[in-house]
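You will see two complexes here that share chain A, one where it goes with chain B and one where it goes with chain C.
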Partner chain A sequence: MSDKKPEKKKRLKTAEKLGKLMADYYTESAMVKAQKKPVAWLSSVAPVEVCYTMDVFPIYPENYGTMCAARKLSAEFCAAAEAKGFSTDLCSYALNNLGSIYLNKGPFMGQGLPEPDLLIATEHACLSMAKWWEELSRHFNVPLYIVDAALPVGEDLSPHHINYFAEQLRELMGFVEEHTGNKFDMDKFKEVLGYSDEASKLFLEIGALRKTVPSPISPIEIFTNMFPIVTLAGKKEAVEFYNELYDEISELAKRKEAAVPNEKYRLLWDLFPIWYNLNLFKYIEEKGGVVVADVYATTFGGRVDISRPFEGLAERYVGNPLLSYGVQQKTELYKQMIKEYHVDGVVFHSNRSCRMASMGQYDVKQGIYEDIGIPGAIFESDFVDPRSYSDEQVKDTLDSFFEILESRG
Partner chain B sequence: MIADFQERYAKRHELAKRWKKEGKRIFGYFCGYAPEELIDAAGIIPVRILGSLDKVTLADSHLQSFICAFGRSCLDQGLKGTYNYLDGMVTSKTCDIMRNMPGIWSRNIEIPFVGYIGAPAKRTKAARECLIEEFKVLRSKLEEFIGKSIDDDSINQSIETYNESRKLLKELYEIRGKDNSPLSGSDFYHVVRAGFVTPKKEYNKMLSSLKSELISSKSSKDGKVRFLVSGSTFEDVNILKMIEEVGGSIVADDLCIGSRYFWDLVEPASDPIRSLADRYQMRIACPCKHPSEERMERILEEVKKHRVEGVISIVQKYCDTHLFEYPYMKDVLQKNDIPFLYLETEDRLGEEGQFKTRVQAFIEMLR
Partner chain C sequence: MVHSIDSMERLRDELNSFPQNESIKKWKNQGKKVIGWVCNYVPEEIIYAAGFLPIRIMGHEGVISRGDDYLQSNMCPYIRGCLSQGLEKKYDFLDGIIFAHTCDAVCRLFDNWRIYVGAPYSYLLDHPHKISDSSQQYHYRQLEKLKKSLEDLSGQEITNSSLKEAIDIYNENRMLLKQIHRLMAGDNPPLSGVEVSDIIRSSMIMPKDQNNLLLKGLLAELVARKSPSAPGPRLMISGSIMDNAAFIRLVEECGAEVVTDDLCSGTRYFWDSVENNQNPLAAIGLRYLNMVPCACIEPPFPRFEYVFNMIEEYRVDGVILYGLMFCDTFQYDFVGQRKRLEEKNIPVLEVELEHPSLGLGQLKTRIQAFLEML
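Our next item is the complex of A and B:
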């Protein structure tokens, strides 16, 4: 594994702005305790709009996991959680976060994250989140709200699925009011939802620009540019940023300017990046492969119907196909994406930390090949914990895959 | 008598094929959150899909090595055609493995009906209303499948039969927990498991006979260390037998194939769907559900009530929800001065001696 940082010289003009957004957010997170602003820790696909409506500062331990991994701290943190009795087989986002808490260490000024006053998690992306957040609630002894989703798998959403989630969002507002004293304001809520929807719309449009051949944006750029939609959904800054990013990328698309030179094979990526080795994308690119489509990034973009604020927000969070699709529906979705994005092959990252997303990959791969003849490759690793990562094995799998792609011409 | 229960389970596929020949419909379900009463009321025999101790061969090309042995073995059995007699399956949302299973199963194994209940994880009123809707959807899908309506009376009758089973199992559970009880923990495991694959009316007769037999028989448990066993599913009953052979006695449990399955009764009310939703939502929680405190409280109560001397947790490797709760459970038990032993399995007792040595040492410590 190479230690050099990917993307040393930023290709995109907006990269500087993104850097500033991130720096501002983390600077604020370092001061938020001193300002006595309430802090909530959120799981991914948890409704961050609630925080911005209620003037609560949101922190994402999962984002943090990606950073700890990138800065080579995750192995130490995972081991610290294991020392407390958490199995090494558990999700390394969770182990990394729990370990950093036990050690009170982190990538920023050596410190951990600002401690939570509230904990908010969803459980429909995976059940581990609810269990992890329960543990956080016991550790910090602060109130926890789990937003539960009774999602169908392989069937359409019904009104009661939306209503159940929406009902909890209403309850969650009350929960935040009760524990912070901050009052809910419908106008503020609608304003936040407006920004969230606008940012989502732009983010999805930027993703769709990858349909252009050659792709105007690289996978590392897409994954890096997820930060505002995950963390700042509901803030004006996110909308402004994505407007600029959209302009820049659509201009590149118009000029047919490739993000990665030598785009020979267009690839669909399932699902997580390896956060301590984003350079794997560089390796793929050296072979002429460019990841042009994924469902990971788009999971975080979802539209909101502002005329029905709570139901609309619920739809943003439970309406994502990734979270309720069975193997067959996922196969159909990927086949559709393969067509739209002109994809030559599919790479599946079988992530030991995520049974939820990894289970079924063999069948999806097989289904795509049987139906439309597009080949896939599966390699196994962990997205945050590098301790058992085998660069050689992963590259061997990819090498054989590129041989197949080459033989197909 | 226990041999009858054992045989029921051992010959389950043979029996199912016989029912099938008699023109009956059979549905499979994966876990104790599937509302069997609704399937039963549709005139379909529900059987629980469980793994086996056979070597997994076919599932390896569908599931990664980090998927639990239970999931792998179930799918493997399905791929080998063991469950070809099923007319359908009903799965309820519990863990991430169960969530993904119906899709993989139905892609590779022909099955005419697949019902999935997106069961909420919480114990709130809103969650209950949602579960009611999910059960209503299942009911109408079942009606469509059998081509006739399922009336409230049939559901109420099924509820009654199932409640009878649960009452009898609870009585047997209490008999097992008595001093010098004639019913061992491993035998009780056979008894519970037979219920997954026997039509409930017939099963109730078997349970009643067993109860009368036990009431008049004598102890075999004298002088042993009293354990509560907690954990996920496991196929190999030898894990429990081994605990008993080295001087332990299982007097209470918090097992998926055990009290968590049968403990709670359905309260009959005017709307049977509502009654069922109440029961399935508020039953003793699997660690898949939220919150977790009530399960721990019940374990503590059982420990007190049955004068338990130690808790043994048997957890399936890669079972996220049980694994996440292990440090919590350890902590709760420690705070209450209850000795605790944790065993991680892959569905079976495994290498001879390894678990045995640990259980022996645990028993030595407690004596």
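Our next item is the complex of A and C:
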């Protein structure tokens, strides 16, 4: 069994740096109101580069949801949103965030997030984002801009898909100018995009180092190291951080140093972690399983062609595998990843909150098994709301899966 | 007793024998193709102009979902119902499918349909989730692509004149449905809410020119018809898709008159017409982009306004917010919508259904209590 004593010393040297980046960000977020800096709340995969270009402080209620879950506050917050009439079947990121607003509570010094002056969302990840942000706009009575990404599932990406997003990015700059008085500056924009692209490039390269056997980085390390690419894309600090992280991980890869001892079964993970129970990865590791690949983290990386700033930024967001792949495309992508990452099995987290991402898992699992004989297991849970979580059921599913993997030798 | 009327019976027949009814058989016997569609945002005129019959795919009243074998249980029951019908081979006569990618559930139905049901031709049209100038351009490009794809399927060009003709026939259908529906605004309306629902849904199946003839006949017959039900509280139903009339029947059995709705399977299907005065493809695009929106389109306000206008015009006494389980976008809207309605002192009953037609009995007491309050 794992050591119950609090882990003082993290395995990675860069962990300390990551902690500092996060602390700095949240310290700034606590002071930003006093500094009269405009605050925008962004949905996941919304173009944060716009904020850094326009000198607006970005807040991610989803990222915050993962923290509320980790600090065991999400059950109370979700229930508070339900008391206001929201259905319990809605996304727990949304319920958690709305509930924390209604209760005016949160994990930082008991407080909620600094209130938004602007709201920016995409419908890219799912429709819930737009609806959740509409509710935020109604609650705070502040302006909302929704970037509607083309979702060409099963279509080849054409310039008009990109142009639609790019056109809205131009509109969005105007929207921010109008509501903050801050002026758009092309040079600043290009500088921000340069940092964003560089951070993405490094982040994707770090992900690709997981192809090494044994994997030099653990899933918990990957998921916690997402913070800069999600929140700080467009900042120099993110580039500096990923440079160091890349150096450290590639060194470990060179030395064939395993992140997790006893790597027997290499696993592909679909899709979200359980934020209040990251220890599930530890359970998997005790069984000899190591998650070495996922598309969740890489979704937040994406290259930017800076010579065409708006179109280039649009390309970072449109056509993303997680967000706009149908079952067949996703099956093909996973088959490819299974080969490249030397994967022995696929674990699907059917996330009650995220129908968009969980629908089709049966078909992808089936498709992979039929085509290349790699087995998969599906377990159900919710990524933020622990109220109906059954640890035994999840572990039972995983146990049976490991028996299958073992029988295959 | 109210005597039945001819045209009404014939419209009902179309529904009763659906999916493969007489008019569809006749169409197919002429060697012409039938295309099944899902979601109001599929521009039927373009399919019709290509020489194909567009029909809406629906679940079936009372059928337990075989779709459960392929979809997680927390999936839209309407989508599960559709997939069940497909798996039961009820739609094997289709020559193709076109779905609009509006909500996530439709997108996944498209995947599953292609894998487990199969279709000789399949097309998923990404519809913008926003009403704006840039979305208009995007939408137009998407319609051009769809048109091209249908031309490849038929082997013939879709001409402007065939598009204009399709628009005329579809607009006439909308106008007739609207004329019939407006009769519900008066006292003692000549139709029940169930009948209105049946009429609207039959128009989604029949070839529009034939449907237009029946609707004209119906309008003439309705002049002399007395109200089929005793006066009761006048209700509006607003919310998710309703692919059968079981819920409306239950509400009317409790003593209410369902005089109007805000449903994509109801008035929102026909309320807006195409302005047939310019490039026909652009005109079609504008209609589908700007029509009273589904909850999955931003911003939601035009729909809220539509609801309030309906309440006034149809002198509505109370509103039922009807949500299918896991129909997220409407579930989000209901919170704000309820507030808006209550601020105007309009009574609201919110119901959540696990299936569009099953297990309704347990709602009866809640509906009765609501009606007593009115």
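The definition used in the following text is that the second predicted complex is superposed on the first by the 400 of 409 C-alpha atoms of A that agree within 3 Å, B and C clash if a C-alpha of one lies under 4 Å from a C-alpha of the other, contacts with A are read in each partner's own complex, and residues count from 1 in each chain.
Following the convention adopted for this analysis, a contact is a pair of C-beta atoms (placed from the backbone, for glycine too) under 8 Å apart; a residue touches a chain by one contact, two chains touch by 3 or more.
The shown structure was predicted, so the numbers you read here are calculated from the model rather than taken from an experiment.
**Q** Could you classify chain B and chain C on chain A, in the superposed arrangement, as clash or fit?
**A** clash
**Q** Of the two partner chains, chain B (first) and chain C (second), which one does A:E167 touch, if any: first, second, both, or neither?
**A** Once the two structures are laid over each other on A, A:E167 reaches both partners.
**Q** Let me test your reading of the model: by the given contact rule, A:P321 touches which partner, first (chain B), second (chain C), both or neither?
**A** The answer is neither, since A:P321 touches no partner chain.
**Q** Which residues would you name on chain A as touching chain B in one complex and chain C in the other?
**A** 84-87, 89-91, 94, 123, 126-128, 130-132, 134-135, 138, 146, 148, 150-155, 158, 160-161, 163-164, 167-168, 171, 326-328, 350, 352, 355-356, 358-363, 380.
**Q** If we count contacts the way the header does, which residues on chain A are in touch with chain C in the complex?
**A** These residues of chain A touch chain C: 84-87, 89-91, 94, 123, 126-128, 130-132, 134-135, 138, 146, 148, 150-155, 158, 160-161, 163-164, 167-168, 171, 326-328, 350, 352, 355-356, 358-363, 380.
**Q** Which part of chain B faces chain A closely enough to touch in the complex?
**A** Those in contact with chain A are residues 61-64, 66-67, 93, 95-97, 99-100, 102-104, 106-108, 114, 116, 118-122, 126-127, 129-131, 133-134, 137, 287-288, 290-292, 317-318, 320-321, 323-328, 330, 344.
**Q** Spell out the part of chain C that touches chain A in their complex, as residue ranges.
**A** My answer: residues 70-72, 74-75, 101, 103-105, 107-108, 110-112, 114-115, 124, 126, 128-130, 132, 134-135, 137-138, 141-142, 145, 295-296, 298-300, 323, 325-326, 328-329, 331-336, 338, 352.
**Q** Quick check on the complex: what are the chain A residues that touch chain B?
**A** Where chain A meets chain B, its residues are 84-87, 89-91, 94, 123, 126-128, 130-132, 134-135, 138, 146, 148-155, 158, 160-161, 163-164, 167-168, 171, 326-330, 350, 352, 355-356, 358-363, 367, 380.
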